[in-house]
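Got some structures for you, see below.
In the two complexes that follow, chain A is the common piece, with chain B as its partner first and chain C second.
Here is the complex of A and B:
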């Protein structure tokens, strides 16, 4: 498998994701919808179950880790390069990550996790965007249509209500525009769906590797 | 970071229905604030500032200045019909329901003060605010008064008439109404603390008396103007604003080296006496083996690129610094160089002029054996040659210099690489007169006669490389 993965150009350095994928045991309970798009260097690993729903897009070098808890990716979830979904590091206490047994991560429909973001949250609501470099700590509950702006850090076990924008140094405001206009919410989901279509055209799909 | 997010850069984005149709609104891509929060939508996606000026928060249309003027006229007419005591109150009460905007209050007040000033001026012709108008009889009489009596002028000058204060909303009076306070308290009760503005939000607004988030207005970022740059001395354009905003290209075509005299040096004993071709001149002279401790004459040619005749003063230390003490004497340290002319003039006329120039009178060209102190050697249209007397210093090298540099001795006394090269530092000072254009002057310079000549002076150090000194055996 690895021989077929590294064919044409000499790689500058071995990618950590690939190493992780070879080092970690292949997830025993991996469920991947056939309509999902998993790029070549995306990695799904961990002993706990991982569910990848329909139309999920995993960019190259996206990492889904169920090492410390299950991961559920809802319909149309988009995980960009070097983004990590799943609880990181060892579980400090059993109580941490109270959402569900084992403190898994549930990512709702149409969530967009941008480049380099780390999502360890217990639950992320529908239509939320975690922008580049954002960090959502363990056990957080993020509502619907929230925006975690670029490089913002949400400390663990925080509850973020629907339509919240986390910006600046931990400041928050309610996105009243989106909250009061249903058509804008629909438009946002629509644009997301369109984006996924484009991704499907642009990124070579390697979902077969994970289907077996 | 927080400040930028409070008053963020806004960009137009499409509303529902997609495409470029439908109403538009401004929104911040970072914090997701949008003009929909204050109830403002735009019809077009261009000219946001103009559209914004016409819309109040909440979507009402702001009447234009003309419309406001008309409304005021109407009100005034209506007031004229009514009894003076009643109309003021009626106007106030009608306006209190619809609180006037910041700009409107300012406009009302400024027009009121203008009218008051003109009123005071007409009743008081000696008022300092009144400017003289010869067409009016009052000012004419004032001028006549100036000549007739000085006492009345003094009397009246120091007492401008007291001006009336604004007494109605139409005149710019802002009346404190308890209903607005009640409304503010109600809003605070209804929306809570989050609805109020932070200090920096308030500070960044045009109207700083607002209190609530629904009263916020998007304000445009003021851009810097890009301007061209000219040289202070010669007004040459260095950079110009270009249609492409982000690019700045410098157009420096006039290099400083094109404006200072060019120095060239060659040995006098060279066989070819053509000063303009110094490279081929050194046929019979070995520059890489200069005889130490013997006087060598060099020909220093100074050519002038400027279009004015210049006066040159040269200076050099009599002994060159360094381990090899060479002695240098400039036989003629001060001399004139003629002005440069057009390239074509040189090509057409220099060949015959060179031989028959003033060089013959000053010093003989033909008998080049005669070297005289204080005299220039040769002179052309825009160049002058003088004699430099050099005595190369003595240095000893036990193993002899090898210019390929292979077997140099490692002694401390020994010369470092290229220290046997004879280089003459020369200080050049030039003086010339040039035309003065008035606009050219830098603001500091005072004594410039208009359109006349101006004395200018430049000076620089330069180093002339002569050759390598032969070591003593």
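Here is the complex of A and C:
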């Protein structure tokens, strides 16, 4: 082999693509209540502040992303595995610029976000349940004690009044029983609190990683 | 060289194979492994979440009387030759009983195929069940034997699916029966039942049939 034929030095290898959990910077202003439960593989990321209130439960592989605005998780919010809270992906200026929160997400007290659900809504009211695989589009305002049933899709910028059940292919009805009986609402919140207690017993807590 | 040269390092494949022939992907997210039993020759593909940590907390009547060390409670038990495809979440169901939340052990039978992206919280799934893609089975549903669940179905909680039915829809309804050919390989019979369409002509396995060949093919 002559010197002229030596191959060009190998190109620098492309840096391995980062894992989803480390792709985003750790939020500069992350406030986590010490009573929250953050499981081992849960991820909180994004350039905007994230506030995690008391008794919040983040299951393994739950994702909270403040990519386009701050995220506020109210007291006793449960985010199940593979669920995502926060506006995802690239934002087309108009769709998010229109709303006041600027891509932020406010999740009310006692909200339950089940497996694989994606919540990009501007606001989710107290006691609402988003079942497995449900999607709430960006800019939505979801009322109190709503149920977004499994795999239902709520299109962006929709307003959903209190006690609504979204089911089937975009159908809606009002849960009048729950609406008229305050004791049932209280019961629901109580049961949710008990559920959180059980989670605290069963799931190893890794909240220390996200504190301070 | 302190290490004996005859010992070769185990090949680093996608799956970890256990003594009983279970194949568990290295990229599966499994919590609470002590509470999960796999029957043997069962495949857990990548990105599957098995929530074994959500185990029953209630003291069993048998364990309270005996003084022997307590066995870990079972939360998920899966039978033989069952395939759990990519992106599934298997989560035991919970409910309120006597004023407290309890998790209940869930059981999945033999030769069950769970399609990609499904979320399973059923209390029991019997044998020879075929579950399509992106199916959601809500807590405490019971799926009996020889059932076919079409893709994107949502099975509401507490639904009992009788054996031999085909279910689909949101919420799920029984839309038909699997018929005679269910689980019989296409080569063996030419019956026109829904089941015989299974893995396509010439495939070594059919929906609802013996999945041993499929399990063997996954590497």
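Keep in mind that, in the parts below, the second predicted complex is superposed on the first by the 187 of 212 C-alpha atoms of A that agree within 3 Å, B and C clash if a C-alpha of one lies under 4 Å from a C-alpha of the other, contacts with A are read in each partner's own complex, and residues count from 1 in each chain.
Basically, a contact is a pair of C-beta atoms (placed from the backbone, for glycine too) under 8 Å apart; a residue touches a chain by one contact, two chains touch by 3 or more.
It should be emphasised that the depicted structure is a prediction, and the values quoted were computed from it without experimental measurement.
Engineer: Return first, second, both or neither, reflecting whether A:61 touches chain B, chain C, both chains, or no partner chain.
Structural biologist: Touch status of A:61: second partner only.
Engineer: Is A:135 contacted by the first partner chain B, the second partner chain C, both or neither?
Structural biologist: neither
Engineer: Let me test your reading of the model: by the given contact rule, A:168 touches which partner, first (chain B), second (chain C), both or neither?
Structural biologist: Touch status of A:168: both partners.
Engineer: Name the contact category of A:149: first (chain B only), second (chain C only), both, or neither.
Structural biologist: A:149 contacts both chain B and chain C.
Engineer: Quick one: is A:48 in contact with chain B, with chain C, with both, or with neither? Answer first, second, both or neither.
Structural biologist: In the superposed model, A:48 contacts neither chain B nor chain C.
Engineer: With the two structures laid over each other on chain A, which partner does A:195 touch: chain B (first), chain C (second), both, or neither?
Structural biologist: second
Engineer: Using the superposition on chain A described above, determine whether A:181 touches chain B (first), chain C (second), both, or neither.
Structural biologist: Touch status of A:181: first partner only.
Engineer: Comparing chain C with chain B, which touches more residues belonging to chain A?
Structural biologist: Larger number of chain A residues touched: C.
Engineer: Touching chain B in one complex and chain C in the other: list those residues of chain A.
Structural biologist: 149, 167-169
Engineer: Please name which positions on chain B make contact with chain A in the complex.
Structural biologist: 1-2, 5, 15-16, 18, 25, 27, 30-34, 36-37, 194
Engineer: What residues on chain C touch chain A, complex-wise?
Structural biologist: Interface residues on chain C, with respect to chain A: 29, 31, 49, 51, 53-55, 57, 89, 91, 94, 96, 99-103, 119, 134, 136, 138, 152, 154, 170-171.
Engineer: Which part of chain A faces chain B closely enough to touch in the complex?
Structural biologist: 147, 149, 165, 167-169, 171, 173-178, 180-181, 183-184, 186-187
Engineer: Of all residues in chain A, which touch chain C in the complex?
Structural biologist: It comes out as residues 41, 60-61, 80-82, 115-116, 131-133, 149-151, 167-169, 191, 194-195, 197-198, 201-204.
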